[in-house]
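The structure that follows is given in the form of structure tokens.
Should a chain be cited, it is by its letter among A, B and C, assigned in written order, with residues numbered from 1 in that chain.
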């Protein structure tokens, strides 16, 4: 199969023609990737990717979770065990298992991304299967050995204008330093992710905070020193291009305590004496503190609540975090965000981007909130929802109440480098399809649709992330 | 842009043709508006509307909330401050700000309504923008000065058969009296809205009830006198055409207490000593009391729960209620309505119309409940959900379980007089589109679809509201 | 009206053509009905169905609930009263009432099923109405008197390969015995449904358990004897073809207690001393026990939570259970299933099929869970959701995350024998429509779509239910 040039456009011919016309004006715009999880060492060292399985299978939990769901052990896909026990290391064997089970991904966005990457990056037009496993493995492996498939060369070829990675608050940012000190001009920036020093329930919370104190020279055993340490690190991250912080909490709870109360809670947290409810309150307070710092230093505040992380005890015990077992849960935003919004929600200098993993909140809570609070913007659908249908639902459920201009363009949010162009292409096609449907139904004229197409692809993301 | 005569119809040609054919049979039916918030003084006094901004911007919280969300202060849009501080009063300056930010409304129903009103009422075919701000202002202002643009003349021109306004329980209905005593034959009726004397958490609850006692001559310090006062006012409202009462509660809770228990709770509420839970229970009890009175006097009972009103403290403090900060919340109907439904749900003489602000309840709770309880009917989508897509979702999520005949036609629910024809037109187009899709997919034949088209536009609303 | 041969296919011509092409390859595949509620006595005795009303109206709560919602008393539809009081018994009068109110079912799946059955089983092509009530009654009644309309003959004519009924744990399965001992080769199997002996809040729980002890010869006054009795009955049900157990709980709660704790709770339950929370915990524990037994005996575990059963007190008092008053409620799966999934979720030998009555969980909880846990599969939409639109939503909301291969084909779940071919036909048409939309949008190629069509219709259900 060759990729259909009209893929993902509406079936009805007139609407498809309009979608295609808008798409042609945005297809080649540069990629702005303001939130993601690629590895900065790739761009610092610019070494060849090791093998096809290491590029497409082993690090991609969307892929291995689906194969696991059909009974294929993670060990056979090369996923490392915490105890260092044996797992498959032969890339070819992993690739064969992947290829012969590739049909399991039918109907998923992963298949769209992989088909796109195999064709546009590696020139493979056949659908992956048992029959072509060895041939495709050899072909991709051969490509990877060539200089034009090194990370920096792909970065340029993909047309990436800026790419944000995400680092923990105590990360020294050495890879970013190496990128900055190199002669390469690619713009790879970092993002401030302080979960391990903000969440009292994170593994090693108090030692993480001690480390934060060491790095910053602040006395992080006190509330004011702890806050100062955050300010210090935010400034350091900014010096490596960061324009935002990122916060992944179990829920959207915010708090707005008096300093004495916050300080007392911090001491309790540091002593490991928080109840789960207090830990939750502390995380909530820290979102408000981060908003306050954002008003000082201009970083965007990204909040993405609602995931029950590492849902399976046995998998967590055997393989650790981030193995495809993060499951969305019902999320409340209306009550949870109120303390933060009462304090800062009408401040036009602040920019808070909220993401969701519970689509029932889109029309009910998030679009109504983003459609009135100037500080609040809606992040795009992601995780399980950056599918074509998920993107369409997002527009259909939010535009009527929040419009287009309270959204912030697309985030690929990926660890899978080769999927970046594919993901942005899917987003562009779906936005153009949605715009075309509004034209066909007389809700927008063509000129309006073309303008919005530019905004959704390029203008809004640059503005929202101050890039 | 001229309005597309086929706007909002399905893109596929055969389905569009059928939708258009059904629409042609309903497009010119009279407008029945059984629930709304237009100002009865307009029709009593029949004065010219003051200026274009006062007609389109300042009173319409859908419009100013969107502009506010993008950083435009409410003061600049002429929204009055509680402290009487300065706000913009120059209609032309407000209009310029509105016109140059009109693009923010792209993709929202507000844009559809305003485009429709500007074209069909005022003859303006260009999309509003910075470029035509002065020209359009002058044109609309000129129109408003002419007799044929007075409220009663527009009422007739809009083809309104009956229009319901909403008044508080203690309102003397003087404007309605003036309309009744005038030589104008337009049918403007009232609706009984007792929230301020039913909700113990409403500002001035006990003095509101004292006022209720004064007006009715009942002893509203006792439970039985309080109930008698309601009966009295309901009869008074009925004498001004009311066929329904309307109740906007935070949730759908109902209660069915013994009289002694209800009486004790009433006394506690009157003394300002209710806990939040008790206040909630009292509101719930009053829905059941209202249902009981409905069986006596025949008024329809409208319940619309699920809004977190006046969500922003600073906005509430500066501008007061109803400033676009009413945010929907997750709502339960299955448990909440049970006490009321156990008491009256199978009574075929009673008519309860329930509205929702949580679309996840449509297929899960409301359609199954309305599809079996004879007393229960589903109100149309409104607030954030009377968009074209919201209306389509409503039909798609309810028809399969509740059918068409447990719904009650359209409510425009508006303060914006000129949007009434636009809103009804959108509803008619979307219903015809939905019906056409059932024809194209072989689920209805044409004759059935045409019959249902009449019912959804005219028959069901007259029957449901006893008009 | 004749049934449109292209009914339920997408309107757009190219997509419709592809849907039709796929459909042609699956339309005549045998029907596998792994979960339903037809009466085994029909196939044991093979007597003629009594009359048209007894076939189409009186036993079908989808039909009589809709008529009741519009004010028609259940008595007039022949629904028996608990007190034995008078209800209509004249089939012709019931049929007339049904026919003249048949328009109330417009837009519902019931109408699709009945139209289909009337045309394909009885050759009636007109839409049912007051005008043809007598004529259609006579015609159907005449058919029913003929040998080729006996249950076994219809079973063969419908192309049913296997049909599962559902029996209570203490049922002696005499009808199934009679079928097995007959010379008829139709495959009618049972399903183990132990709710009355698993749910401490079920009427007569402790006497049900005493009866379970009697039948099995186990001492069901002890926890170990009680579990042994389940094992005994499961084996007995297996000997009558059962391949699954079925559990209808108010919610999805599971527990994983230590044996001593479970045993103590069982004793409390048996003594009638459980709090509602404890009863809930006991039901949750029993799901885990059933999973454990499934690993021993290979029965599939079906869980369908989330119904508020018999919602109306007065209807329950007058007519008893299952009168159309089972209302879906908000359901949590992520936390509720965790104890079970931590114990058995990664076991590839186990097969748990979960059904939902809360569509907001599809994309948020169920597809993410089924897309990673090998033991978990998604049951198809049913109850209020086996409508054409409901089936389409199911695929659109689950495929992107769980793919096709974590679903289990179609369940008709019906008491209405003649609706079985209609329901399977609707499911096949909707699946083909969905597949066609993926082809038109370039997400699948044709070969992939045809393969999946076979799997969704025939392959997956046989595999999932081990049939």
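Assorted remarks:
Quick note on the criterion: a residue touches a chain if its C-beta (ideal position, glycine included) is under 8 Å from a C-beta of that chain, and two chains touch if they have at least 3 such contacts.
What you see is a predicted model, and the numbers here were worked out from it, not measured in a lab.
Interface note: subunit A and subunit B, two copies of one sequence, contact each other through mostly non-matching residue numbers (shared numbers fall below half of all numbers used).
Between the two copies, subunit B and subunit C, the Cα superposition rotates by 120°, quoted to the nearest 5. Work out the mean CA point of subunit A and of subunit B, and you get 40 Å between them. Among the residues of subunit B, those in touch with two or more other chains are 12, 360. Contact residues on subunit C toward subunit A in their complex (touch as defined above): 10, 12, 14-15, 332, 334-335, 338, 341-342, 345-346, 348, 360, 363-365, 367-374, 376, 396-397, 399-406, 437-438, 440-445, 448, 451-452.
Chain contact summary for the complex, subunit C toward subunit B: residues 1, 3-4, 6-9, 11-12, 65-66, 68-71, 103-109, 111-112, 127, 308, 311-315, 324-325, 327-330, 357-360, 384-385, 387-390.
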